[in-house]
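Below you'll find the structure I mean.
Labels A, B, C and D are assigned to the chains in the order they are written; within every chain, residues are numbered from 1.
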Amino acid sequence: ITVGFSQVGSESGWRTSFSESVKAEAEKRGITLKFSDAQQKQENQIKAVRSFIAQRVDAIVIAPVVETGWQPVLMEAKRARIPVVIVDRNVSVSDQSLYLTRIAPDFELEGQKAANWLVEKTEGQCNVLELQGTVGSSAAIGRMKGFNDVLKQNPGVKIVRSQTAEFTRAKGKEVMESLLKAEGGGKNVCALWSHNDEMALGAIQAIREAGLKPGEDILVVSVDAVDDALKAIADGSINVSVELSPHLGGPAFDVIEEHRKGKKEFDKWIRMGGAVYTSENAAQELAARQAK
Amino acid sequence: MSHSNPVLQLQGIHKKFPGVHALKGVDFSLRAGEIHALLGENGAGKSTLIKVMTGVYRRDGGSIRLDGQEIFPTNTGDAQALGISTVYQEVNLLPNLTVAQNIYLGREPKRWGFIDWATANRKAEDLLRDYELDIDVTQPLSSYSIAVQQLIAIARGVDISAKVLILDEPTASLDADEVQSLFRIMRSLRERGIGIVFVTHFLDQVYAVCDRITILRNAELVGEFEAATLTRQQLVGHMLGKELAALGQHKPAELDRQQRDIALTLDGVGKPGSLEPVHLSVAKGEVVGLAGLLGSGRTELCRLIFGVDKAQSGTITFNGKVVHLKSPKDAMLLGIGLCPEDRKHDGILGPLSIRENIMLAQQIKQGWWRYIPHAQQVAMAEKAVKDLSIATSDIEKPIEQLSGGNQQKVILGRWLAANPSLLILDEPTRGIDIGAHAEIIRLIRQLCAQGLSLVVASSELEELVAFSNKVVVLRDHRKVAELHGDDIHPQRIMQAIASA
Amino acid sequence: MKTLLSNPASWRYVWPIVGLLLLLSINLIISPEFFHLEIKDGRVYGSLIDVMLRAAPVALLAIGMTLVIATGGVDLSVGSIMAIAGAVAAGLIAAGVESLPLIIGGGLLAGLIGGMINGALVGYLGIQPIVATLILMVAGRGIAQLINSGQIVTFNHDSFAFLGSGYFLGLPFPIILVIITFIAVQLLMRRTALGLYIESVGANASASHYLGINARAIKFSVYAIAGLCAALAGMIAAADIKGSDANNAGLWLELDAILAVVIGGASLMGGRFSLFLSVIGALIIQSLLVTIIMSGIPPKYNLLIKASAIIIILLLQSPRFQQQLSGLMFWRKRHG
Amino acid sequence: MVNRKFIPLIVTCCLFFLLFGIGAAQFEGFGSSRVFFNLLSDNAFLIIAAIGMTFVIISGGIDLSVGAVIALTGVIASVLITQYGWHPLLVFPVVLLLGTLFGATMGALIHYYRLQPFIVTLAGMFLARGLASVISEESLPIDHEFYNEVASFGFMLPGDAWVGSSTLICIAVLIAAIVLAHFTRFGVRVYAMGGDPNSAGLMGIPQAQTTIRIYALSSFLAALAGIVYSFYTFSGYSLAAVGVELDAIAAVVIGGTLLTGGYGYVAGTLIGVLIMGVVQTYISFEGTLSSWWTKIVIGLLLFAFIALQRVMSRTRH
């Protein structure tokens, strides 16, 4: 069978792993994969999906750039009787029957898990610096919301400064430097909450260069659990990272194959990832990944 | 008629630029149905006064009245709406638009609310026929030579004029015939009661058409005179503020060709489509004049000698050696220089300073890694400013802020500073005032005596006669005659141009 | 100073510097310790140093971009060239190359090749600069990702990391690199006639041709220099985070570099240029960023603030606005 | 004999069909009218924005704000429709007017303060995107009956080719723009400004008015493109249409317009957009390129295309 896969782009290592895993999975199962990179643009994604429809593929997998804006093109797919599976971010459409299912992490839950860990660790007293992802991205919005929900119940934990570092390592370092300067060298800061590992990895360099020890003087809480972050957790410079699994290809193909066999009803949201990695289990996980 | 009320009256006009007080309380009045010459040296303020009249510059003091009403034009469009139309000094048309679009810009004939191009093209053709121009008006303006463009600009200006027509050095690159047809048109406009302001550096032309004369000197008004009562000597005296030393009017001595070394020989040099193969030789210290009508191929010949265009046939021999000129740089390294005809487009480097504009040719001959020391650059620039009496307060000024004639002098100075052994001048005295004109002729003679060879293309027959040891006449992109000695005379040249 | 100000040519240095001082003084209000400098273990620390350090990549890009803009061109590919150079350097280290000159040479060579491709397209094929460099802007990032296989390649190579986070003479090494590059390019431009040739080509291409200036070669070389500067910036960025992030390194920095050059007063139509003012422009952009971060305003306002600041700085430089401003003050004095 | 000035345009057109032909020969389903009309409907907003850009570039300027204006329009429209319950037909004139004013302001800054278009519109881009993210960081769905009707409006051509409202709007804009460029005074003035702004001024062109109108037109069309984009996605999002300005500029230039101003055709821009669309379609039919190879191949195709265009139109001269 032929499956069209519309990917957001290749803006991060996580995204690349995600694309690679989908390709590997397709090869393993003997699926012809039509891969399309939208370079972060929704309009390119819609074009790609429409060209999949024109090519009459058997199924379409979409990793959407944003939640909104999918109604018209999904209706077109439905008219052409091509099943659609959504992976990673959500789509908001009024008619849930437009796609089979969504296989995705839960950004809010990730934020909550990170916040819970922090509240527990600091016993509810902490001044937090926040490194936001790209302004307006659904991951940043979801994680921020989940984290802040927990903070509302724990007024002792406060975000004292928050700034975007656009999900990148270089910006993470640069912005962290300034935030530390703005907070008097970081003496009154107890933790860093970073919306992804890349920014956290940049920020820990800034913390070190400011003469502090990341993971001790400033706790580092992050999301993604990429390999580099697990290494950093193992050596103590990051305290915790909530997993965001890039292996979404397998479950998506499972759903498509089951659908071809005749299954009609699927859970609308198959949640993925969400494991919390700390110094206790990070080394293990890293070893397990490398074994693969 | 000449005593009617003034249509346009300027009083106490002031204009300041950063560092320059370009007009100091100048008065000017133009009557309906007169041709009024506005004269003065290069940089006296003529173009500035015109730009103030037409709203290009905002005046810093004084009043402008049109038919007794004070007006405040803020751009050329306002002035045009009031009936004042202007042909500015440099050709200010749009090279990318067609000839017809240029002529009817802003007044396009319409049909059902949309522009009717067929009518515009037809009318443009008719209009240009008055100027003996038979060209394809649907071609972009840039495909025509600067002289043709100048005629188009005049045709446009004349066609717009309702009350006042201002012509700022319109004749600078026109030949005698063209000038005559322009005068014919100016006279007929005068009959229709239109007031004409006419700026020129050719005194013959002043006396040929003008009724009255206003003279500016150093940003100030010298006075207003009746053309009929002002003698040439007086006029020149007013312009320069001193008597012009009597020019050596004698003709240059006939060169003894046998004794002279030949500097440049062209053997059947040509380029299909632009110039038929030409044979020509230039001796050391000789001045060769190029005569011909508009579009006869003088500019093309100059470009070929300088390597701007590559010759497709024939051989060029320079100082006894056969040379292959692939670019201007090749020619420059041999010691050839060219003052191009289109100063605005091919000559000046607008935002760069006068100093840099002057030293650049010499710098390029030396190579980029041997930068001329600053002190030497300043010396070169100051020498040029002095020798050519360039009116400027400061050699660090961007050249685009100079008056047109002074820009031309800077370009000349650029080449003189580079010590060429052969200099090609295409319309060299375009827009240069008579004082400087005399000065330049003297300078050129002096250089020739030191062994410099010159090729001069000019529409000024008088000028050619004054310069040349030999005159080559071109017609239809082909050399048709070569005149020596006593044959070098305006009448003879005209005959050669006209003979079939 | 007085003789300096009486020369109209030096007036153009005033407004960008005034803009920079204005921005910095806002920081002084927000956080008084902003101008505080201290020396720890022979190194200078302080926010001002940070501003200069973080401005280094854009300043390097701006130096190259200034020359390109002076010829009337523009180079959109510098961000991608940064990514390529970083990727090449990281790739060499990952492949086990130890020798620092080899690594740096590799990165610079990559940048030079990129710049020469741009130069050839613009100079010799006559393709319009924006499109010609757009090609490398798009494809270049792809090439960088190809080298890195789409991942962030991290490395441990202390002497290479020195490029990004080392100190020399008490100053962060990137600042030293900018100073060296600035002096080298400035000497090349102003002690030879090259700078003048570049300005001539930008001022009037046709007249330059009549003067025998080889505009093609000039264009070719400015893009090549811009490529070299971008490569240097890319290696600093990679050395700084000890990793090559092909996806994000230098992303949109070409716009910042162009902005820096224009804030420095250069015209995008070509002509006059000043490397010094372009570096000031880069400092202005970086101080703006720091000001925004320091002020603690929510990040969603970042772009709004940046836009307003740019407009204000541009207006300050506009003679017409200066006139209106002084007219207003005069009026106030008379009536208020 | 064809007029010499149309040769680059014709060459570009031929190259488009060549590209399309290669795709059709290589992939099943590529050479269908459906794919061709998808090019139009998928790129309708880009065509509209690029037409505005064409006027700006012909006048010798540049407008980097179009992508941001598209996003801002979408955000304002969706807020007004969804949160304030306005009818879309009431919202559209409002956002078009806002867009026009935005452009006029940029034009005024450019003219009166002699600021460079590149920078003013860059600031405009920051401002519009900044405003959009202040109004709403999240992307907002538009849920209105009218939008469903717009989406279903249109007709089917043979071969499953759908001609929808976006395509129709874009064709109407195209025709209007061609008339505007070549048969009105405003059009001639735009070319005049691009030829030589000083001369244009000396010939009596009202520079202030013309500059302001040019940028107002560009932003108006960008706002219209924003509306069409919202038909496409049923939403408004502050990060929508990032980089569309570069696509538009590339399309305009590929279509034969000179960035230095003065020369170019609106129709060329259409072909420019179609060429970029066909490259994308080709890559997505190909379907095996990794992310980075996609970028490299786009770059190479762009290069091959531009080089070919130069060589072919040069030799014919």
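By our rule, a contact is a pair of C-beta atoms (placed from the backbone, for glycine too) under 8 Å apart; a residue touches a chain by one contact, two chains touch by 3 or more.
What you see is a predicted model, and the numbers here were worked out from it, not measured in a lab.
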A correct list of chains touching both subunit A and subunit B reads C, D
Of A-C and A-D, the pair with more C-beta contacts is A-D
Farthest CA centroid from subunit C: chain B
Cα centre of subunit A to Cα centre of subunit D, whole Å, reads 33
Chain centres from averaged Cα atoms put subunit B and subunit C apart, in whole Å, by 44
Residues of subunit A that touch at least two other chains are 10, 16, 19, 135-136
Touching at least 2 other chains, the residues of subunit D are 133, 137, 290-292, 294-295
Where subunit B touches two or more other chains at once, the residues are none
Each pair of chains that touches is included here, namely A-C, A-D, B-C, B-D, C-D
Seen from subunit A, its contact residues with subunit C in the complex are 10-13, 16-17, 19-20, 132, 135-136, 161-164, 166-171, 173-175, 177-179, 181-182, 198, 201-202, 205, 209, 228
Listed in rising order, subunit D residues that touch subunit A in their complex are 27-29, 32, 34-35, 38, 42, 45-46, 133, 137-141, 143, 151, 229, 231-244, 277, 280-281, 283-285, 287-292, 294-295
Residue positions on subunit C within touch of subunit D in the complex are 76, 121, 125-132, 134-136, 138-146, 150, 255, 258-259, 262-263, 267-268, 300-308, 310-311, 314-315, 318-321
As the complex stands, subunit C meets subunit A at residues 31, 47, 50, 54, 145, 149-152, 154, 165, 237, 240-243, 245, 247-249, 251, 290, 293-294, 296, 298-300, 302
As the complex stands, subunit D meets subunit B at residues 5, 179, 182-185, 188-189, 191-192, 194-196, 198-207, 262-263
